[in-house]
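You will see two complexes here that share subunit A, one where it goes with subunit B and one where it goes with subunit C.
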Partner chain A sequence: MKNALHKAIAILAVSALVISCSKDDNEVITGTGNLGIEFDNAFGTNDLILNTQANTTSNNEVLKISNIKYIISNIVLTKEDGTIFTYPKSESYFIIDEADPTSVVAELENVPAGNYTKVKFGIGVDQAQWELGATGQGDLATRAQAAGMLWSWSAGYKFVVFEGTFTSATVTDSTPFMVHTGQTATDYNYTEVTLDLPTKAMVRTTISPEIHVVSDVSKIIDGTYKIKLSDNNMGGMGAMIMGGTNLPLITANLNGMFTVAHVHND
Partner chain B sequence: MKKNSIYLALLCTQLSFGHAKKEPTNRFSFQKMALELEEDCDACGCSASGGSMGFSSMLNSNFVGLRYFNQSYSSRDGIFANSPWVNENFNTIQIWSKIPITEKLQISTLIPYQFHNRERSTGTENIQGLGDITVMGMYSVFQTHKDSTVFVHKLQLGGGIKIPTGKFDEANNSGSVNKSFQVGTGSWDYLLATEYVIKKSQLGVSTMLNYTLKTKNKKQYQFGNQFNYGSTLFYLFDLPTIKIVPQAGIAGEIYKSNSQYGEQLPETAGDILFSKFGLEIGITNFSLGINTMLPINQHLSNSKIEANYRWSINLNYSL
Partner chain C sequence: MKTKQLLLLILPLFVSCSNDSDDTYQNIPLEFKVPSNFPPPTYNFAANPLTEKGFELGKKLFYDGRLASDGIVSCGFCHEQANAFTHHGHTLSHGVGNGVGTRNTPSIQNLGYQTSFMYDGATTHLDLQPIIPFTNPVEMNGDFTKAITMMKADASYQKLFKIAFANGQINAENMLKALGQFMVSITSSNSRFDKYRRHETGGTLTETELKGFAVFNAKCTSCHATDLMTDNSFRNNGLAVNQAINDVGRYKVTLLAVDKYAFKVPSLRNIAKTAPYMHDGRFGTLEAVLNHYATGVENSATLDPLLKQNQKLGIALSETDKIQLIAFLETVTDTEYLTNKRFSEY
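Let's turn to the complex of A and B:
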């Protein structure tokens, strides 16, 4: 009977040993892998639903959004040791379109294996790259044309397209709005955002992490700077914000639009 | 947590109370019934189901039983304020046995079969299969002996292992829903347990504390370590042909964060406190038990998981 107890203890001890010996914490990290950055559009704390969802801003304007697209570019990843990996610029253009579920994940390939703690990206096309001409942006010009992300009346890309209808205390009939950002005569309006990851993105040959970014589109007009659509409703024809002094403010607002919800290492 | 500490303090007081050496348990059936008193499975889904079942102490006889338990949860399927809540049902049928090896040592075995389902916007998901088997030894370090005092005590310490016989499917815990929608954790886990029972004639209190050390599974996923505690008041109506034991108590569970590839995963820790009520009925060698557990307060996965209730029914046969 005592033997049984001894046996039980022995089994416990042996299995504890087996477990502790099977740990391989000293893995050598080599090779490359894939990494996805998902852009999940939200309005405030709610998931964004196009067309039907009524979204209220802090100025009590009620927006129904029919279209939200933006160009993500210049993705730069930082490892835990501070090493920086710049994704090839000409392959780094992604048009995120809420209406097209296949577009919302920026899929990066041939990323050096490692533990990444930071991601930086641009919204729009930076000026230096733009000045290289269309070839500097890979096939972006073609894709942007198809997505309606090229200005029709002047050279340049639309960086953000934000459209729908709105009502407010002073605009009681459902009225269209269009916010398009991009370069103007006075401002270039490209901006970059750096986000810390809450947990490491562990790129390996066998692990393709996904960084889940929430893009709170309310921030476009309702961020650090509050822009009332009602004030831009010229002649009651709709609020069209495609230039002027509001664009740099909207561009500044984009810095607060993105947060990382979590990272999957699957 | 504050509340939990208060309960813990209460339990400790209870443990230190009473020294009298006493009569052993009067009736065999009384002992048997007390076995059913402790019941906790893992919150967040019985991925390690049964590992935290209180391995109650008072049975001296060979024993085998069948138990069904159901756990109902609601989990938020997504990260947004308007993300839908998903209802989850965790069902377990368990064969459990308790076999004395010596007068002081008992071996318990739990063999679960799991069948879980949940309703997502994309349709119903079902998983089923053999769960993780637990084997555990409990040793009586202190027991009141024959004499005649007012209080009867028994203190048991034990340990065990949970074997990854259940399938762990990585696909079920990607995404943002309840990570524990699994029939097994895929890991070898180790349990440490203590049980203390004090009785005065027909009235008793059974108290248990246990801790489960969970290890990494082959998919490099590691469920958080789990601390369970509980205390149950019971009373025996010892009638000529039937024994009836109503019982009421509290039970709590505290979870550490899960991790994957050694990285702690946010929003996976939590704690929950239940009230519990039950009834045991014994006739000849059979006993029938029903139990229910209702949450008093809970913070599971940053409140993205809510336990609704648990209930169980079991039939045991004393060999």
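Let's turn to the complex of A and C:
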């Protein structure tokens, strides 16, 4: 009897502890914190090395890449309970530039504390923003011009810049290529990707997780749609893809370019 | 202790008082009046509400050569008010370092009714349009970072941005919105022709002018439609290709074969003030323009069908038609707009 009472008390005590523990847990998840999304550019399974490294596509074209830049926007985070946090649109524009190491992490501030399981972002500047004109763009034009991402002749933005030189069976001399996507009169060329996180990103006032995204830039021309630079080598001057029917295909390819490798919670 | 508390209470009052002076946002709405003879505007006023101070800032920016790489070429350098904001005497524009562009400077008037800008419609939003001349190496060759730095160090810009925008920030967004507010406010609606259309005093047209209006209605309004004299479309009006430039027009934007050599149908308002004419400024006089339509139209795959009706190229115009047309076109000159101090540099 005494024993049983002791047991009961012990159980009560333990369960009280458990309850209060889990309660404590709940209480910790308040406030806001920071979250970083790192864009780690790769070519296939290799890390991307600018200028010097030769990279081969499935079409047996050999690329040396001098520039890879893209505009990230409209970042939306989903919590484990399904609630959604939309990062303020006008602050969501990040220009990722492989040549500028300070640019490759999109640093989000004032993110509500919580356990996040999904991230969604846009590549480019969306049509709703376009239709608003300058409203909501903040200093984007300034940053874009500094990064060479202003599509000046049409007062727009380059969404993706992918440049370098290439050779192939038919183009034996090293020849420049330039792929620029952005709005054209026929296609908007903005797209969004949603990525599941392999482990939760646990944003706390004291924890700033970093989502490590690998961006396989080979997918730009060598994804669902295969675009041969050699076929676009106009008059031997170089492969310049900045409009026309290839842009929507390249835009579709971007959906397969990003994967989340891991999440750091510290 | 007590006095300290009192001070703490009073201090914010002082602060807010001094804030109230010259340097806070002044939301003095600027009315956009749509003249009764104009079609509805296209500009999104909700996204960039017009205010008196936004207009003022936009005007300062428009006339400030310091935005350009040479410190001289402002928007107003090429867009001169007395010539309906065109560059008088220049066939092609020329900007910093005497760089020569490929197109003639069009007028700035009633832009809030247009659906696209530039001869090829390269952009569809008036607030974004300034990015094109501002960054173009042969126009202003400007750099946003430098321009923002210049303005942040300038007392009058510091003040103007604060009073023109609620967030007071000196950035590209507010710079572009101010330019948009200034440009959209530049209305030309008080020519003798407008007064005639609205049955207002001073709105009398002579017999010759009225006959010219009749010819215009019969032969020109299929493209130069409404009292704004444009249907906002892109068309090939049969100009011989200028091989020195080979400007493909709308094709540059759409890459559609049908758009080769198509250019935006320009408004003809204040046309007597905007010589030379056409996208490359090839015609020096209105007579030359009419002679083009009468006898100079070149056939091509993309020539507008309206200019080859009944197996005949161009528009039949007698010498009398031409005289009457020109007399009519001179009635759309709006002196009030050409001399309005609100739009001028000084």
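General observations
The rule we apply is simple: the second predicted complex is superposed on the first by the 237 of 266 C-alpha atoms of A that agree within 3 Å, B and C clash if a C-alpha of one lies under 4 Å from a C-alpha of the other, contacts with A are read in each partner's own complex, and residues count from 1 in each chain.
Operating definition for what follows: a contact is a pair of C-beta atoms (placed from the backbone, for glycine too) under 8 Å apart; a residue touches a chain by one contact, two chains touch by 3 or more.
All of these numbers come straight from a predicted model, not from anything done at the bench.
Legend: residue contacts after superposition of the two complexes on their common chain; A:198 is shown touching subunit B, with no touch to subunit C. Legend: residue contacts after superposition of the two complexes on their common chain; A:84 is shown touching neither subunit B nor subunit C. Touch criterion met: A:207 reaches subunit B, while subunit C stays clear of it. When both complexes are overlaid on chain A, the residue A:140 reaches subunit C alone and has no touch with subunit B. Legend: residue contacts after superposition of the two complexes on their common chain; A:262 is shown touching subunit B, with no touch to subunit C. In the superposition on chain A, A:99 makes contact with neither subunit B nor subunit C. In the superposition on chain A, no contact is made by A:54 with either subunit B or subunit C. Of the two partner chains placed by the overlay, neither subunit B nor subunit C lies in contact with A:128.
Interface residues of subunit A facing subunit C in the complex, by the touch rule stated above, are 130-142, 145-146, 150, 152-156, 184-186, 243-244.
Taken in their complex, subunit C has these residues touching subunit A: 44, 47-48, 121-123, 125-132, 135-136, 143-145, 148, 169, 171-174, 176-177, 180, 253-256. Against subunit B, in their complex, subunit A makes its touches with residues 1-2, 4-5, 8, 11-12, 15-16, 19, 23, 25, 40, 42, 44-47, 49, 198-200, 202, 207, 212, 214, 261-262, 264-266. Subunit B meets subunit A in the complex at residues 78-83, 101-102, 105, 107, 137, 139, 159, 161, 170, 174, 176, 188, 190, 215-216, 260-267.
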